[in-house]
Structure formats: C-alpha cells, structure tokens
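Note that the chains take the letters A, B, C and D in the order they are written out, and that residue 1 is the start of every chain.
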Amino acid sequence: MSALLESIAKVRREVCELHAELTRYQLVVWTAGNVSGRVPGHDLMVIKPSGVSYDDLTPELMVVTDLYGTPVRGMNTGSAGTVDWGNPDLSPSSDTAAHAYVYRHMPEVGGVVHTHSTYATAWAARGEEIPCVLTMMGDEFGGSIPVGPFALIGDDSIGQGIVETLKGSNSPAVLMQNHGPFTIGKDARNAVKAAVMCEEVARTVHISRQLGEPLPIDPAKIESLFDRYQNVYGR
Amino acid sequence: MSALLESIAKVRREVCELHAELTRYQLVVWTAGNVSGRVPGHDLMVIKPSGVSYDDLTPELMVVTDLYGTPVRGMNTGSAGTVDWGNPDLSPSSDTAAHAYVYRHMPEVGGVVHTHSTYATAWAARGEEIPCVLTMMGDEFGGSIPVGPFALIGDDSIGQGIVETLKGSNSPAVLMQNHGPFTIGKDARNAVKAAVMCEEVARTVHISRQLGEPLPIDPAKIESLFDRYQNVYGR
Amino acid sequence: MSALLESIAKVRREVCELHAELTRYQLVVWTAGNVSGRVPGHDLMVIKPSGVSYDDLTPELMVVTDLYGTPVRGMNTGSAGTVDWGNPDLSPSSDTAAHAYVYRHMPEVGGVVHTHSTYATAWAARGEEIPCVLTMMGDEFGGSIPVGPFALIGDDSIGQGIVETLKGSNSPAVLMQNHGPFTIGKDARNAVKAAVMCEEVARTVHISRQLGEPLPIDPAKIESLFDRYQNVYGR
Amino acid sequence: MSALLESIAKVRREVCELHAELTRYQLVVWTAGNVSGRVPGHDLMVIKPSGVSYDDLTPELMVVTDLYGTPVRGMNTGSAGTVDWGNPDLSPSSDTAAHAYVYRHMPEVGGVVHTHSTYATAWAARGEEIPCVLTMMGDEFGGSIPVGPFALIGDDSIGQGIVETLKGSNSPAVLMQNHGPFTIGKDARNAVKAAVMCEEVARTVHISRQLGEPLPIDPAKIESLFDRYQNVYGR
C-alpha cells in the first residue's frame, strides 16, 4: 500500500472512532453531528457519510473528498481493502462544504467538528457569546466563545462565517447563530476535545447564570491561563 | 409463509427494535411510551403490548390489531413461529385507539410514536407551542411544533386532536396539552426520529429561553430549510 | 425448605434486583436510597443492608427484620444457602425504622422505597407539593404529591410523617420536607414504579414552571383518570 | 516485595479504580479531574498521570510522588511488575501541587479529589457557598459548602486556599472560585464519595432555588445530623 493510502486509512480510523466521543458525551442525537480530518500533506479530507447511524459507522464508510467536498474517485470503497471507483451508496455529510471551506482557508487546522450540542446551541439561538468566567475556559478557549453569523446551508456562507469569526479569536469554537457549534483543532482528536469542552463550559456558565451573575476573571489572568495551557499541551 | 405474514413479521421486528431508541435517548421511563407501525397495503398495525418492560420486548410480543385497535385473531402468537388464535396474556398498549385513529385518517402515515419525554411534555403542560428558532427545527419541523387540545383517554378524542392539529402543519410532531408528544412518519423509524428530534428541540429552545429570548428566524428562510431537507431525505 | 424460607428467598431476590431500577433511572447516588418488601403473611420485611454499593448487592446480603426493624436471628446468612444466627457484618439500612413503621401502620402496603432523587428532593426542600398538571400524574398519583413534615432520623418521627401524610391522599408518594421522597406500593415493584414516576413528574412539572405557569386540570378529570388507571392496573 | 511496595501497589489500584466513579457520576469530561491517595505512614502519594483518558488508566500508570509533587525515582514503572528509574512518558496530573499541599498541611487527610463537576462549578463561578437545606447535607457536610479564593495554577496558591477554607469548616468539600470543587477524605474512597455528594447537593439545591427559596434547617438540627452520621460512619 502506498504511503498516501496508509495515511488515508489512518485518518479513516481516527475520524470513525472519534464519533463515539460525540455520543459518549451526548453532544449529538440521531445522525446530527460530524467529525472530519485532513489527510496530512494532501488536499484531501475524510468525513462522516450522510445519514448513517453512529452505531453503524466503520472506517470504510468514511468518505474521502477533495477540499471542495467532492468525493474522490477510486478512494472510496464499499468494503475493507477494496479500492473501487467510488461508493455509489454513500455521500459525504451534508455539512461537508463548511468543513472543506475551513480546510482551504485555515492551513493550520487538521480537524473540524460540528454538533448541535444542547447548551452551546441554546447560546447560539440567542446569538450570545459565552463569557469566560471559568479557569477551564481560560485554559481551553483563552477568552469568550464567539458567535458567528446566521447562514443558510447550500453555499460557502457557513464556512465563511466560521473562518471569519475564528480568525480573530483564541477560541477553537464558534457558535453559529440559531444553528450550533463548529470546532477546530490541529487534528480531529483536538477538534473533538474542543467540542466536548465547548458544551461543558456552555452548560456550566448557563447554570451559573440561572441564579445570578458569575464573577468575571481579570483578562490578564485569562491570558496567563491560556498561555500556560497552550505551552504545556500545544494546540 | 405468505407475503402478508412475512410483512407482519418484518414490522414486528422493526417496531420492537425501535423501542430501544426511546430508552437510548431517555424519552421514556418504566413502560410510558410506545411505537407502532402500519402493515403496508393492509388495514393492520403492529404496536407495543401494554405494561411490558422495554427490556423484555420481543418481536413475538408485539400485538397486531386492525385499524380500530382490536387484536386480530390468529395473528398474535405466544412464541416465535406459532400462529394461534390470539395471545390471551397480552393486550395492546392503552394508547392504541389514538394510534389507530391516525392510521385511519392519515393514509400517508406509516408510523406513530407516543412518549412523555420531559421537555416536550413541559411545553405541553403550559399549552405552548415551540417556536422555530433553530435551523435544525426548520429542517425537521418546517416551523413551530403545535399544541393539540386537552383530551381524555377512552374514546377518539386524542386521535382527533392529533389529526386535526397535524393536518394544518408542516410538523410531524404535536404536543397534546397536559399530556405529551405524538409523532408521525412515513414509517415507524421516521416517527421515532421525529420523537427524538422533538425532545431535542424542546430541550434546546427551553434552555435558550431560560436566559433571554432566542432570535427569530425569517419565515422565508425556515421554508427554504424545510424544502431543501425534505427534498434530500423525503418524509 | 419451608414455605416461609422460600417466601423470604423470593422477596430477597425481588428487593435485591429492584435496586437496579434506582440506578438505571438515576434516582440515587453512592448508597443513598433503599428498597424494602414485606414477607407476605408474616410480620417480617426484607431491606437493603447499610453502606453496601449497589454493584455489590446480592439476594443473600439483604437483611430480614421484624416490623420494628430488628434483624431476625437465624434468617440472615453470610452466603447463599447458609442459615446462621445473623450476619454480624451487615446491619439494615439506616432508614429501616421508617420502612418498618409504614408496614406496621399500613397493612395494605407490601413495598416501600426511599430515595433523594434530585427533582423530588428539590420540591421537598421548598416544602412545596407538586401540583397535578399532567395526565400521567392523574393516572399514577390521582392528584398532587403531598409534602410531609420535617423530621429527624432516630425515632418514629419520619415513619409517622409518612403515614399521616399518605393516609389522606391518593398519592403513593410523599415528599418529606428538606429530605426526599418515600413511596409505597402493594409490593416492592410497585413502590419502585412510584419512585420512578414521582421523579419523572417532579422533573417535568419543575421544567414546565420555569417558563410560566402550567395549565391546571379540572379535578373531576383527574379523578376520572385515576379511577380508570387504577381499575386497569390495580394498586 | 517489601511492605512499602505492597502498600504502594494497593494505593495504585485504589486510586486507579476510583476514577471510574468520576465518570459513572459524570463529574468529569475528557481528562478534567483527578484522584490521589496518600501512602499510609510514608511521605508519598499516588495520583493520576496527566492527559491520559479515563478508559486507558491502569494501576501501573498511576504516578508516585513525594509530598512536593515530584515523581519518585525507581517507583514509577512502565509496565506491571517492572521497577525502573522513573517512567519518562508520564508526568503527574497538572493539579498535583494542590493535592501535595493538602497532604503536607492536613495529616489526617488520606485522599484528595478535584473535578469541575457542573453544578458545584456553577456555584463556584458565582463565588457563592451552598446553603445547608437538605438533611443529606447535614449528614455529609455538617453545614454549608464553603467557597475558597480565586487562585492561579503554578504555585501553592490553590493548595493554600483549599487548606485555609477547609480548616474552619465541617465540610470535606471546598468550591474554589471560578474553578471547581476539591474534596478530601480519610482515604481516596471517602474523598471520592465527598465529590459525588458535593455535586449531588449542588444540583439539588440549585434546582430547588430555581423556583423559590428552600426552607432553612435549624443549625442545632444540622449539628445533630452531622454528629450522628459521623459517629456511625466515621470520616
């Protein structure tokens, strides 16, 4: 097997397995969330197929596309080990265009995740950013989690909204208005971690605010938490 | 085995297995929720037996009734493969009359689900429809999720309330006042999907409104989301 | 084995297994909840041992006591099949006195359950009864779920509070103030069902009231729901 | 094997296994929480390694440090049974300094737990102590759960804040402001129990207060509950 095919097989396994973290942390119901990963060094990505239950995912069902979201002929197989000219039964996630736009415009990003996780989506429905009032948020997000514009599926509007919002922020998560969170990472695993932490802080800050106003954290201390955490773990 | 018996056996398996989705997504406690499916091309339906725990359900225990909810002699068996003159130990769900009424009056419906899922029922107790403030609601429900009338069990009041409310709506879900949600689909699987998504949006919109008012979505954009989604997946 | 020993063995198995419903529905954490069952026709009860994790419960570890909560010599065994003069390692649940008081004063009761389930306990902390605004509450509780007095552990105060409150109510559940729910049933299984349904309606009515006032149900209709349900299933 | 190595092996197993209680009760996501235990009679502690998933923990991966948080040469092994000069792949949890400070300054403490459990952290974000309005809180905490100061990671500030707050309180739990709970116990198991109960009462009191004010409990009765409970179970 060529180095490229080995690399694709590795990303297929990672992307497939990481969906189990979405269900474990109850970030998704039915088929409403997806993980993708860039194939390192190539203009290719691997993403969940559309409409397949999380229980039924296998590495072979993951779809390889170019960075415009078009499935690549000959790289999608019906079963393990077979290389055919595209699996006619599967199309990539309906959110593929947004993932692809991020990979084209943010070369440092190696993984993208989209969910409609409950608390993050509740903030998104009000179009309200999540203020940084937890040391854990300082560590992971380096400030508040920003809101992106309302955008309809069907063209590059969602991708543009994600990239424009994240370019000006420490945060690896953006809340797309009335829609839900998208997160990024240096690889798919880190993007999933950001999705998990985004819902966790969305829930905790929501619950804290139900009975009063959380205490702010001094911005210099947020910066200090973020710098320390990113130096220890990288991003 | 005749084609009819094969078809019934298939619906029995589907209806039985789909109850696992109700418990997986915590839409039900104890025995308080039920799935039914129409036998395609026949005036027959298959529904959960009354009072049996979800853990103990098997395809053979599902009850075949006519579209007035009466168990059909000779089609209900005590164990796999046996055809007797009705299983004397099992009666169909106490909600069977409501399911049957829907099948009689909505020929395009192939599956019905009833739960008391927490957040949907909380909206129902206030008699308040769920406003469409999430793109996911545009996709799945094409607008708000409507409220049906208060109705007592024992006659056709519940079934009538469901049918009258859903006939004037894009939504496959109705919140029966002080009671809980009923959902429909082209088959039992789609009705279960609607029940899962109904609770998901009921929860997310509830949580969003706890700390302010969600931003409305332009009705033309809701229509656009709904049209696109229904053309891709059908309903 | 004598009929009495067989009967005790059966109640031990039932009481042991029913604790799995408390954890399944997340009514308890750590060891903070317990189920008991009356031995039919005898002044004996079977209850969870104190301080044992739910994972480690076996029928043999359940403790047989008289109706004053005193372990019965010769009926508590260290391991399956052995009959010794009391298992010196295990004492009955610290809530045994309250269970025992209920059995002494309510001969129709065959099972008692105590939990600190979250939403029911939240109502109990405010000393506020749960209003009957759900058809499911009409079915199961026949009206509101009442509040019992504040009472300290150590004498018969808790048991008296339970009995006095339940004697004047349709409800099989009472919320002991600042403490948590106790439920009763004709047997242990029905008392567990009442504990599950009590938390379910406590949660649903709480959530409904967070965003407004639930619509009341006409008392005559509540009575009608309760009568119908009790005639179908008994209690 | 020497008595010391046997004792360390025992604490490794206990500390490792207790992390399963953090995930079971959903007190942690990803890798954001940790348990430690003192090695009885020695100036040594055992703690979770940094950045390892809960699914992947084994007793051998636990890190043995002195009471300043420095891994001990020769006591950390790469695999079961091997004793080498330190496992170069693993470092102790980034919260080790706080645990170590507690062991140095509270000799009666044998276990420490840190989580960011949702409801406890929500109170911590407001800097608000949890009032004692539940009999279960009287039993376990003997009063309110106090708040510790805002403190940054990197020196002894967090440890000092924990110790100063807990020294003046019956409570085995402290809510560090904008951060989350730390709990202590006579051993690791009791510290984990305190973490579980802390989240449980944080959630229940939060929910109770959402719809009104919980009824206070007379301080003399709280003291009576606490004394009784501690005499029965010790701490």
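Annotations for the structure displayed:
Operating definition for what follows: a residue touches a chain if its C-beta (ideal position, glycine included) is under 8 Å from a C-beta of that chain, and two chains touch if they have at least 3 such contacts.
Since the model is a prediction, treat every value here as computed from it, not as a measurement.
Where touching is counted per the definition, subunit C and subunit D have no chain in common. Ranked by separation of Cα centres from subunit A, the top chain is C.
For the touching copies subunit A and subunit D, the fraction of interface residue numbers used by both falls below half; the interface is of the different-residue type.
Separating the CA-averaged centres of subunit A and subunit D is a span of 32 Å. Separating the CA-averaged centres of subunit B and subunit D is a span of 45 Å. The multi-chain contact residues of subunit D, meaning those touching 2 or more other chains, are 210.
With chains as nodes and touching pairs as edges, the resulting graph is a single ring in which every chain has exactly two contacts.
Contacts between chains, counted with the stated touch criterion, involve the pairs A-B, A-D, B-C, C-D.
If you check the complex, the residues on subunit A that touch subunit D are 25, 133-136, 193, 196-197, 200, 203-205, 207-208, 210-215, 217, 221, 224-225, 228, 232-233. Put simply, subunit B touches subunit C in their complex at residues 29-30, 32, 51, 94, 116, 118-119, 121-123, 125-128, 150, 152-154, 177-180, 206, 209-210.
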